[in-house]
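Going by the order they are written in, the chains are A, B, C and D; count residues from 1 in each one.
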Amino acid sequence: MQGSTAPPLIIESLQGDFDMTFRAGVVGAAGFAGIEAVRLLLGHPDFELVCATSDANAGVRIDEMYPALRGSTALEFTKNADADLGSLDVAFLAVPHTAAMSVAPALIDAGTVVIDLSADFRLKDPDVYAKWYSTPHTEVALLEKSAFGLPEIKGEEIRRAAGLYASGESVLVACAGCYPTATSLAAAPALIGNLVKEDALIVADAISGVTGAGKRACERTHFCFANENLEAYGVTTHRHTPEIEQILEIPNRLVFTPHLAPLNRGLLSTVTIPIDAGLAQGIATTEDFVSLYKDFYKASPFVCVLDAGKQPRTASVIGTNNAQIGLSYNSQLGVLVAVCAIDNLGKGAAGQAVQCANIVFGLPQAAGLSNIAKAI
Amino acid sequence: MQGSTAPPLIIESLQGDFDMTFRAGVVGAAGFAGIEAVRLLLGHPDFELVCATSDANAGVRIDEMYPALRGSTALEFTKNADADLGSLDVAFLAVPHTAAMSVAPALIDAGTVVIDLSADFRLKDPDVYAKWYSTPHTEVALLEKSAFGLPEIKGEEIRRAAGLYASGESVLVACAGCYPTATSLAAAPALIGNLVKEDALIVADAISGVTGAGKRACERTHFCFANENLEAYGVTTHRHTPEIEQILEIPNRLVFTPHLAPLNRGLLSTVTIPIDAGLAQGIATTEDFVSLYKDFYKASPFVCVLDAGKQPRTASVIGTNNAQIGLSYNSQLGVLVAVCAIDNLGKGAAGQAVQCANIVFGLPQAAGLSNIAKAI
Amino acid sequence: MQGSTAPPLIIESLQGDFDMTFRAGVVGAAGFAGIEAVRLLLGHPDFELVCATSDANAGVRIDEMYPALRGSTALEFTKNADADLGSLDVAFLAVPHTAAMSVAPALIDAGTVVIDLSADFRLKDPDVYAKWYSTPHTEVALLEKSAFGLPEIKGEEIRRAAGLYASGESVLVACAGCYPTATSLAAAPALIGNLVKEDALIVADAISGVTGAGKRACERTHFCFANENLEAYGVTTHRHTPEIEQILEIPNRLVFTPHLAPLNRGLLSTVTIPIDAGLAQGIATTEDFVSLYKDFYKASPFVCVLDAGKQPRTASVIGTNNAQIGLSYNSQLGVLVAVCAIDNLGKGAAGQAVQCANIVFGLPQAAGLSNIAKAI
Amino acid sequence: MQGSTAPPLIIESLQGDFDMTFRAGVVGAAGFAGIEAVRLLLGHPDFELVCATSDANAGVRIDEMYPALRGSTALEFTKNADADLGSLDVAFLAVPHTAAMSVAPALIDAGTVVIDLSADFRLKDPDVYAKWYSTPHTEVALLEKSAFGLPEIKGEEIRRAAGLYASGESVLVACAGCYPTATSLAAAPALIGNLVKEDALIVADAISGVTGAGKRACERTHFCFANENLEAYGVTTHRHTPEIEQILEIPNRLVFTPHLAPLNRGLLSTVTIPIDAGLAQGIATTEDFVSLYKDFYKASPFVCVLDAGKQPRTASVIGTNNAQIGLSYNSQLGVLVAVCAIDNLGKGAAGQAVQCANIVFGLPQAAGLSNIAKAI
């Protein structure tokens, strides 16, 4: 696959040609983001899932551990070391941070496209990484070449990655985290549109379902502690803070507070954005902001900006790669409140990873991502 | 479409040919079963959803009421009276009982295949219907011609319906209810295999998520009453009792108790079946029953019989048309406990309806029903 | 009871004397706040519940509608018009806004202490009321005499009310709303301590369980719509905004966004407060703020300020009148994030009402409010 | 306390006398049943909680681990070995099975009343214990002297224990398990009333909230696996089967299937009981059974038999020691369906333990157990 110089449009025309199916693997496939990547790849018309690794569950059939997948795959989890990862066209890394850094180089050397769902290559400044993750970054050269995976906002990075792939060069995409995705989608049009009060603090209060806390069984994820409870966590210290500041280019201006609520999937980020009335000439009502946002996202198949008066429901996007955004502008306070709903495992993790891979491989962005959310 | 004499195989070969897409409508589309039918039809390769009726919501865009469908359809709900139902190839009736009886005849006269999700045509004996539904059956002639829609058990009826369709004759399929589907799938192989103690009572205790209680907002469906609560209802009086007795041919032998639990979708039926050791020669262990059940369902793409020691989880089948069955045989008591999990809106309603329509129209059973459940 | 000149301490000494039990009634007792008031009064040592009104449910036994109360009361709901409300020592009004305005005057005239859980007497400025509630205030004179019921912050008002009662004068307490209570408890010590950046916006993002949406069965409160969903509502327009601004004396400085999450009870308010380092001399760490808050609430039996590094869980306060507060100060941003957890029906409604009544009647604040939350 | 010969009535009259408070401890207090016992004892007027042991959490303040208890206790968990258990008047054992067997003898020797919440002393026949718990019973002598703790059905045993205590003799009460309590309360009046078809199978399908699965964090108790899911478990092999058969004296006649549903607390047992019309002369309607059951439980303050047509809701009994029972008799099938709702941690564990202790110590049965369930 590597080495092709075919531009995206021509590759698109090959869709459905069985011989052109790309060989895909998921590294760290037994976790929640990993198994969602597995699910999406099993239903993807252009990627063929050929391996799913999990050192802890090697030898176990995937559908034994996750019986929802019965009838969809006969694969077993394999050990990382046993998987012929280098033979893959694309590897999705759903391993914890630091593990991705150690797995990626060999894949890159083998010419495999790496789509990293971990945090290891998200922060452009290795010192910032070292500070927030309490460990030095060991792959700075690779970091510098990586593309950030949030196509609606960092389109130029992912397009550049597609170009590299088309030129036969190595590609690593660091997909945005769940909170950064929702928060940035909510805030980017106002900030990029230069409507925000200079130096003003941006406040993002976000709420996540429990899949966001991961598969590890502990008190936090115990049903009886999580159910019928609300709590904030990582207050003023959550690692997604510098990532959001980087995406939105608002260094030292973000107050980010994540919360846990009793549901499986779903993430809602409510972002309070002080608007500079002087800068925002002619943008004075909620409807104006809705127009601006709709225009900003007009080419994005996954982002839906709701009309004034509507608020997004996380239930509307579960199981999909969609985001829905609601806007309310209070002219008296001069504040825009933008609320974005995503599926933390979809657009917040595996969906976005597949979307990024689609773009890199010249496929339609929505290939394999067109399932319809349950209406109820 | 009607009038074609093409046998199923040839129709199958036409799949994907746009001109051969069948025109489908959902009558009573705003309810939970109706909107799930809408969702399935929107993603179906061979049916095109051309109308969705709801007298109460006529003029409202479907995706305004159910924002999960944004981007998937621009249709509005229409009034029944305004819809050109007669122009449809197939109409899915998701209206309350008695309403289906009044809608069906005109559709049948117009040559439209009717797939009825209501209870109106399920009970073969109109007197039994009158007794349990407290209203006389007004379409006895149509009732006599109808086919019962539970393909894994009543395959001959649905195949006959397909034959009628192929011959250009009218077709009405009365799809099995949610509890009858799960309960019958759990019990049928033992009963049809003639292993059950003669005249012994069969006890089915089933649990449903709250979508089973329907869309009407009332105390029963109020979050704060349903959440953190378990209760039985319709004890010894639930209308699905005679339907299950009819399917399994066990008149006056079923004790059926449904329960409500705090989840959206999912239905689990636990059926306790006294086995006659004399009849069940050579079938003496759970493994033996598993083999028998696997054999019984070997041609059914939607039914998965789990190995001994495994129990089904409703979460594994949500959003799909799948059923999973777990078996435990207690030889000391001479009792088989068979547990079946389905999605009450999937195999228990809209999924089964689409499956039945697929068969009638000569399509693969699983057309439009191949989505993969979320693993988590 | 009225007309006594006994100061609080002496009344306290009479606790447990059966003859001194005060006659209490709940007006609008069938709603969620009303029935929680009923529950608390049934277990209160000093108030005797003698009537519970509900026009819609008159004649129904309370424990028929709410079977959790079986064995605790044999009372029936009565019509407002049929209840001898004037014979009560105290009436708890749990009716919708505008209804309280119409019920209160006659009670006051009859010498009954009115503890109002509605919004009718919360906003001191009738024009503000008229603006936010879209109806003129019809009892301005009574409004002027009313006391605001949030004892930890507006202690002087409730103490004044106690004095009026002791002098035989009429008393109306307008209890703070659920969001205002949690938000104000989180912000008050910093604001009253004069540590907050002048004119800076305060952002309060709060999350409530579904009991906060009330007993009315509608789509919002339907289990299947509320479950597995997160959403914001009333964004920039919620009526609790002016109430919080009034309590905290921050006119036109509050951005308040409430959210709904899938649990029955519980309310968490996360308040982001810009600190003025110049004003906050010597208060430079989270620990410093914890000390300040602990000192502020040292006389309050219901407010628990958690040590640095701890965050409150709503589950810890369910069924009680307690509030728990967690604090995090980010010195780089100069921002304090204060999170307060309450039970919206407890400290956010009926618990606070009983607490206010206790103070007015000279009882210990915690009388009847000492139940221990379930640890799990 | 031990050695007193005061009969119950006189001890009752001492209630509230501080000097007569009994010293109580909870062994294994950090688990769910243990911490519920802690909560009940903290609010009990006659028992003083003086120690709470947990080897795994020794040195941790109880309210640090369970912040709902802040303000209610300053105790720390202690190691079993460090606790002066022998100085207790009563020890509640909330340790896993086999651990109770090893802890109890020393307590008994020290004259401490042992209230065991584990399974170790429930099965009267040590061989049955050995078979179902896969370990020999090591305290057969103590087993023989133990009383079974299910006062509504085994009143004579618990009264005998009270007599022993009054005589200064040692007392061990083996409290019934959660499923056995609900199932037996549902079935006992019909069986003890001799109305049941001889040798007929009794089918009990029960559903429990996740606290029933215990505090250990594992896949089963992980929020994301338990939420939005229903499943059966331990089918035909659950250890509560022989316990129920023993209580009801129906050896080898019970088919018991427990299920897990997504809620914290609550247990519902639906018991299908074939009635012998010949034996049940004059008991031919649901109303007749309701009368019979009401009469059976007329002296039991905790059991409420609902009128015909009503079904119990687990939400109505949460946090209490109450049980509610609904009955439906189908005369055509000759079957009684009895449904019992309890709080698995209340009447199913800690509440029942406190009730048993109350009886043993001559206190009113309901001492410390009179809290009112939340109506919503």
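Please note the rule applied: a contact is a pair of C-beta atoms (placed from the backbone, for glycine too) under 8 Å apart; a residue touches a chain by one contact, two chains touch by 3 or more.
Keep in mind that what you see is a predicted model, and the values were worked out from it rather than measured.
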| In terms of C-beta pairs in contact, which of A-D and C-D ranks higher? | C-D
| request: Quick one: point me to the chain whose Cα centre is farthest from that of chain A. | output: D
| field | Approximate Å spacing (C-alpha centroids) for the pair chain C, chain D | value | 37
| Distance between chain centroids, defined by C-alpha means - chain B, chain D (Å) | 41
| field | Whole-Å gap between the CA centroids of chain A and chain D | value | 48
| task | Would you please write down the residue numbers of chain D that are in contact with two or more other chains? | result | 32, 211, 215, 224, 227-228, 262-265, 312-313, 315, 318, 376
| task | Report the residues of chain B in contact with chain C in the complex, numbered from low to high. | result | 32, 210-211, 215, 217-219, 221-224, 226-228, 262-264
| Sites on chain B touched by chain D in the complex | 201, 203, 205, 207, 209, 224-225, 227-233, 235-237, 252-253, 255, 257, 259, 261-268, 270, 272, 274, 311-315, 318, 326, 328-330, 332-333, 335, 337, 339, 341, 376
| request: Report the residues of chain C in contact with chain D in the complex, numbered from low to high. | output: 32, 35-36, 38-39, 42-43, 66-72, 211, 215, 228, 264-265, 301, 304, 306, 310, 312-313, 315-319, 322, 324, 345, 371-376
